[in-house]
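Chain lettering (A, B, C, D, E, F and G) follows the sequence in which the chains are written, and residue indices restart at 1 in each chain.
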Amino acid sequence: MLKPLGDRVVIELVESEEKTASGIVLPGTAQEKPQEGKVVAVGAGRVLDNGERVAVEVSVGDRIIFSKYSGTEVKHEGAEFLVLRESDIVAIIG
Amino acid sequence: MLKPLGDRVVIELVESEEKTASGIVLPGTAQEKPQEGKVVAVGAGRVLDNGERVAVEVSVGDRIIFSKYSGTEVKHEGAEFLVLRESDIVAIIG
Amino acid sequence: MLKPLGDRVVIELVESEEKTASGIVLPGTAQEKPQEGKVVAVGAGRVLDNGERVAVEVSVGDRIIFSKYSGTEVKHEGAEFLVLRESDIVAIIG
Amino acid sequence: MLKPLGDRVVIELVESEEKTASGIVLPGTAQEKPQEGKVVAVGAGRVLDNGERVAVEVSVGDRIIFSKYSGTEVKHEGAEFLVLRESDIVAIIG
Amino acid sequence: MLKPLGDRVVIELVESEEKTASGIVLPGTAQEKPQEGKVVAVGAGRVLDNGERVAVEVSVGDRIIFSKYSGTEVKHEGAEFLVLRESDIVAIIG
Amino acid sequence: MLKPLGDRVVIELVESEEKTASGIVLPGTAQEKPQEGKVVAVGAGRVLDNGERVAVEVSVGDRIIFSKYSGTEVKHEGAEFLVLRESDIVAIIG
Amino acid sequence: MLKPLGDRVVIELVESEEKTASGIVLPGTAQEKPQEGKVVAVGAGRVLDNGERVAVEVSVGDRIIFSKYSGTEVKHEGAEFLVLRESDIVAIIG
């Protein structure tokens, strides 16, 4: 298990299937770099200048969209993860 | 649905029709890059150093003008959105 | 109408007529890039780290001088405006 | 009249006459870029993160020395001024 | 012994063995630059603007993952260590 | 007289004589750029975010060492001075 | 004597002898740039935004390791010193 520090979040990448206008499903490799992930671990949050910790706005299990080219790629027990700062996450898919 | 984080705002782009001096309507493609959008989701706001959250100054439904080349383009359920930081929004069209 | 966000200010450009030493009036095009404007809308002000908002130091109707090349050009209802940050405004013409 | 914003200061440039070792007076054009000015208007001061305003350390009438290449050149009613940030002023000539 | 300052952490590098899909063990040299370490010493933590010290989130003995190319390499008593800032550590391996 | 602003300090450069190992005195021109000065005027100090002013750590008459290439050169009443920020001063020669 | 300002620390460089695997002692010149020093003077510490001073974490006599290429080289009374910011010191050798 990976326990991220501060406002970091560990995610698994999600290959988003996408249909063309004519209904053909494009596999992940024929698309742009994926920007979707599923949260698998969440840090304790960043510490403000007044000493208070701010809880991260995402929770384990959330599907999120993140900024391209952000984060640190990590291999752990044969699987690949991406560790993001909270500020790299733009939205939760609700 | 997309739920933006922090001071982020999700918008749909708005193609602004524009008439030339002689009254001819120019479609979007003959114009500059659009800078108008309609707000579809608003984050909880950024956290100040005193722990307080500052509500974002725009609301769902607002038509806004944003800085060129800002934001993260996101495809979701077949539609295209732009996720902006509040600081990328320059004005609300009232 | 445009409602600027934060410490932003919407201005109309002012073409400043200028006379040469010999009294000949130079129209705007024969001069340097204008740096004068008239304030048409003012934001609520920026938020300090203590949560307080600081009122912008200019008011609607003020004629101001701003730093060259600053601001975002915006077309709205056929007219052109410039949206500035308060920090781009150097002085009010009193 | 020009009313500078925040911690800005409006100055008139002062051509400093300078004598060579042999006593010859060099006019301004034969010298380096002037760095001296006389204060003609002073802003209300910058706002700290606690909401307090800090009065600018110079007053109208002070002769000051400023950092080369700083400030915004402004023409107003036929005269030329320089608008400086307080931080561009290095010393008052007492 | 090394006593790191502020939010710094001293680690020993850990050569992570990794098996290929076919089960062959690749020694460290055939892999990417290692990003794993074991914490051997922890600083007192960084000081906030309110004077409070924030304890570092890792403890001696923790196995951690850090950002590539971060830290200062230090040789001490024949052994090699890496001194990291807490912000260079992305996760604890739990 | 020059009255420096904020945390600025006015110094006169000091040509440090230096002897070679064999006892020959090298005049200033045969050496590196001098980094020594004598304090002739001290500003009121910088203002913290809580509105408090922090007194500068040097006093008039102190001999100090400063970082190379820092400060603003100023000519005043025929003499040359250097105006430094307090942060450019590394040590007092006691 | 040198009295460093703020969070600065004056050190003497320490030439670290190092043995190769076969036991041969390499003199300093055959090695990398030294990164070890002995603290000879310590400043009063940096001032926080709340006006409080934070004592430097090292004391006179401590042997320390610092980041390569940091600090200001200073010659004083025939000896050479290095003036570091506290943040350039990575660890105390205990």
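Basically, contacts are C-beta pairs under 8 Å (C-beta built on N, C-alpha and C of every residue); 3 or more make two chains touch, one makes a residue touch a chain.
Just so we're clear, the structure is a prediction, and the values are computed from it rather than from any experiment.
Each step here moves to a touching chain, and the least such steps from chain B to chain E number 2.
With centres defined as mean CA coordinates, chain G is found 41 Å away from chain D. Chain A and chain E have Cα centroids lying 23 Å from one another. Residues of chain A found to touch two or more other chains are 49-50. With chain E taken as the origin and chain G fixing the direction of travel, the chains line up round the ring as E, G, F, D, C, B, A. Interface of chain D with chain C (complex): residues 1-6, 8, 10, 41, 44, 47, 49-51, 72, 74-76, 78, 83.
Interface residues of chain B facing chain C in the complex, by the touch rule stated above, are 18-19, 35, 48-50, 52, 54, 57-58, 65, 67-68, 86-87, 89-94.
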